[in-house]
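In the two complexes below, subunit A is the common chain; its partner is subunit B in one and subunit C in the other.
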Partner chain A sequence: MIRGIWDRETVALMLLAAFMPVALVWLWFGGAEAFLRLVLALIVSGLWHLIFMLARAQPPSFAGAVTALAVAILAPEELGLLRLILGISFGSVMAELVFGGWGRNVLNPATVTLAFLGFGFPAAPWPEPAIPVIWAAIPAALIGVLAGVMPGRVILGAALAPAAALALGADPAEALPAAALVLVLLVCDPVASAATRPGRWLNGILYGGLVVLFALHWEGAAPVQIAVSAALFASLAAPLLDESTIAIWLLRRRRRHG
Partner chain B sequence: MLGTEFRAGLSLPIRTAPRAAGAGAVLLTEEAAISAAPDQDLRIEMIAAEGALVAQGAPVARLRAAPGIVLGAPMAGRIASVDLRPGRKLGEIVLFREDAAGRHAFDTAAALGDAGAGALRALLQGAGLWPLLRSRPFGHMPRPDEVPAAIFVMAADTRPFAPDPAQALTGRHEAFARGLDALARLTGGPVVLCQPKGAPLAEAGAARGRLRIVHVGARHPQGLAGLQMHHHHPARITATVWDIHAEDVAGLGALLETGLLPETRLVSLAGPALAETRLLRCQPGADLRGLSHGAVRPGNHVLLSGAPLDGRKAHWLGLRDRQVSVLARVPGGGARAHWFRAALGRAARPRPIIPTAALEQALGAAFPAAALVRALSAGDDETAIRLGALSLLEEDLALADYVTGAEPRLAALLRGMLARIEAEEAP
Partner chain C sequence: MNDLAGLFLRATFVENMPLTLFLGLCTFLALSRRTETAIGLGVAMIGVMGVTVPLNQIVHSALLAPGAWAWAGLPDLDLSYLSLVAFIGVIAATVQLLEMLLERFFPAIHAAFGVFLPLLTVQCAILAGSLFMVERSYTLTQSAVFGLGSGTGFALAVIMLAAVRRRLAYADLPAGLRGLGITFVLTGMMALGFAAFAQMVAP
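Up next is the complex of A and B:
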């Protein structure tokens, strides 16, 4: 009879809106070059959505734009047109569209794209996001969490691990700004992160822990590279975290209700 | 740190006009009917013939499968028409009001004695109160000899615009306590009274010392029986759990005391298409047009029996419903989408549901929401059962359906799943 608003496209649009502070600040500082990258990513991602709509009857989604934005901000530089197109195609198709589109995927397509580009073309330098762009991640996270489209527990969990490391005297500070940006753009994807409450805490802690570990022991890695790798592993572990959370929940219920 | 009872749930942006004066006034409509929902399978045999004059509460029809279970007349009147669907399934039995027919008095002496619960059961079934009970899993009327593992008495209702059960109980505490005592004789397990925060509606020793009072938060869906069962006493195939509205428990108490069935129930009439919201007392099965007469704004409307979220289009107030919702009809019956968009939408069904905070709150933060929704849309019966789907009914998922705009409706998926499980597993 009556119908609420939180269907898939609303969530995707809300995510886009949440990313707006980051996107605008990044465009302001990146100038025409950043703008061209964004347009390229949007076109490639949109084309694949179009192809899958025509070939497989999958409705296109604004989630493609979310992916394109994250890729444009975080992709390695000096790749050249062809490699960038190849990377975005790989991520969109293999991580999202072959599963049936956004909402059915396991990994965040932007994370897969960036990992593919990073591991495939290690010579390309990773970007160093300007400091204002990283500050803009804070309002982005706030909008996302308040609208309920980003899991706040992941963010809190991710903050725990570096805090613990700092308290113990380790110093991962160099990697932290980029890790915060990646946290908001990649890890807080509602689909690819864990979906249960304790699972989200664990997911955040795992991401933060991996960032600290890589920052301390991965010689010569760029901050964004560290964060993207940590995001990939945390995202891969998310279903496992969910499953174990549910198993514990079921065990506790069985004990209580027989 | 706030408890779950405060945090879980949503407040809904559905509007209604301010409540009219004279709340709780009696309004008996000229017509009323015993009707069945389209998906309800009640095969009946008439006891009173068409055209007969029946007293309020007098038996009108009985179930063919269980002749002890009777459907009673909702008001004194004349049986105007009997509409049975193929297979003698109940469609509707319409009555015209004639107050002269009086009220039917039941003999409660046997049920009051401590001889055993058998006589009490027979009274409940013979007086037409049995259909007010609902048994989970599967949500049917209980079988005549079914013994539940627990009974939930719902003195809280968080559905938007629901009438306050506490108001329905005002001045009837004695009858309510008597009804709770009777319920305790139907089960060996606890009688769980779900009520809002505040003074307890029954004394601790009520229901033969097996009363458990559960405090329920104010936000929907916490006042739904399914969610409370999930928290406190999950239903299983081998251990069914019943739920009944507190006002009906008071009615049962009154029946035991006086031999008369209550004539009215507290019903709220609300919705965005109304000029004034009404809270009134009317007979069960009242005519919805009669109830909303004079309160509706001009225009094209839909009358629902039930809350705006889980109500169904109806002509008569449903057996267990205490709400009438009046919504504006979507103009043009929902403009047809372009054929390409429509085809694309159909091809992607079931549409993916993103696990947002809205989804989690719509399920009362009581389930691993994403896993449950995935199990429902994949038709994974076993996982859904493990996650607690057997305690749920369509009304419990109505809020999630509303919030996510799920397509197909989760409630429909759950009903299909329950039907499948029932066919495979039920005794």
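Up next is the complex of A and C:
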């Protein structure tokens, strides 16, 4: 994605700027503990970017800070230093850096980190984001969509499924605030979400649908855990949604033009 | 009816053959390089598992299960030690039949499969489907649903992986991870993704 100033780092910086409302409100409510977590995540992520720069000549990216921020906000609590470092290292190395850095990866490194931590250390309690942090996700999404770095169709699609569930009488309301935060921080990653227009709609609908499904049938799960699991599956399916969209386009073109 | 739908979803997502039970990984990894072959493999898996599991259920309950020969005056005869051989025979015959049908009516798909279709004879996920059927004593209907569900889960997983691997065209991987290496990493991440379903339908 290089169009004038629109190179990879511009997109990463825009994304970081869009996350600022969430980050500031979260720091305000989290206090010193939150700040220390963020600093730790930044250091670990930055170190790996540095190592890959030295070893493979991959330019470091501000996307590392985006990952660190999302992980610091959403990671399970009471993990201890070592496990958190292990999780962030696994996510940012295996999901992003070995692919050649941000923009070439398939999955969002923060999503993989959080799924890894949740799966590997199930005893650690998931955080319950404060309500103002979730409200701050709305301006974050607006900035992201207006700046063109977050796919608006994914957000609209993700809103459709819970709306349909509410209209049908199901009640996934408990999981929805955390799902909105995860939607902005993880699912709307411009790299890991679908790239075609119908694919983005489907990507959002799939995420929202999975959140509703998990909220209704997964007993004893924390809202953030539900949302992270749905985000991981939605971004695993994103390439398939794109592929199917392109296949349908090709079929229609062939039918129209012979 | 509801039970059967639950069994289908369970076989598709919760007990996904390659991603939760790690069965059939060889074809899963080898044939996910291109989307077309992945779709072909997926359809073949649905077909073969949908046919062989109920067929093996009939074979098992009519011939091999303890007491199956009671009508002939042999109530103590227990032929279940033959089940492995019998199941593989049924699977081999089904795959052979499928290959002949494909060659006759869909030569393009047959050509796309190449050598992999005969290899489905020794695919562990297909045999595992029949062995699970015995272990859990499914009825004929249940085995048909279970076979179709397992095949669908395999198809979904392999097509998803093929689509993800298509995106790797943009990646710049270290030499040691290219090809199978990164596929194993991605398979692990897909297994993480499917693990959520396992916790959802807790028994």
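To be clear about the criterion, the second predicted complex is superposed on the first by the 255 of 258 C-alpha atoms of A that agree within 3 Å, B and C clash if a C-alpha of one lies under 4 Å from a C-alpha of the other, contacts with A are read in each partner's own complex, and residues count from 1 in each chain.
Rule of thumb we're sticking to: a contact is a pair of C-beta atoms (placed from the backbone, for glycine too) under 8 Å apart; a residue touches a chain by one contact, two chains touch by 3 or more.
A quick note: this is a predicted structure, and the numbers were derived from the prediction, not measured.
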Touched partner set for A:Trp135, first subunit B, second subunit C, both or neither: neither
Partner chain in contact with A:Phe90 - subunit B first, subunit C second, else both or neither: neither
Partner chain(s) touched by A:Phe121 [first = subunit B, second = subunit C, both, neither]: neither
Partner chain(s) touched by A:Ala221 [first = subunit B, second = subunit C, both, neither]: second
Contacts of A:Asp242 with subunit B and subunit C, given as first, second, both or neither: both
Which of subunit B and subunit C A:His257 touches, first, second, both or neither: first
Touching partner for A:Arg104 - first (subunit B), second (subunit C), both, neither: both
Subunit B/subunit C common contact set on subunit A: 58, 100-101, 103-104, 242
In the complex with subunit A, residue positions of subunit C that touch it: 35, 159-160, 163-164, 166-168, 170-174, 177, 182, 185-186, 189-190, 192-196, 199-202
Touching residues (chain side subunit A, partner subunit B) in the complex: 1-8, 11, 53, 57-59, 100-104, 148-149, 151, 190-191, 195-197, 242, 245-246, 249-250, 253, 257
Of all residues in subunit B, those that touch subunit A in their complex: 14, 233-234, 302, 304, 308-309, 311, 327, 343-345, 347-348, 351-361, 365, 368-371, 386-388, 402-406
Of subunit A, residues touching subunit C in the complex: 56, 58, 94-95, 98-101, 103-107, 112, 115-116, 119, 213-214, 217-219, 221, 229-230, 232-233, 236-237, 239-240, 242-243
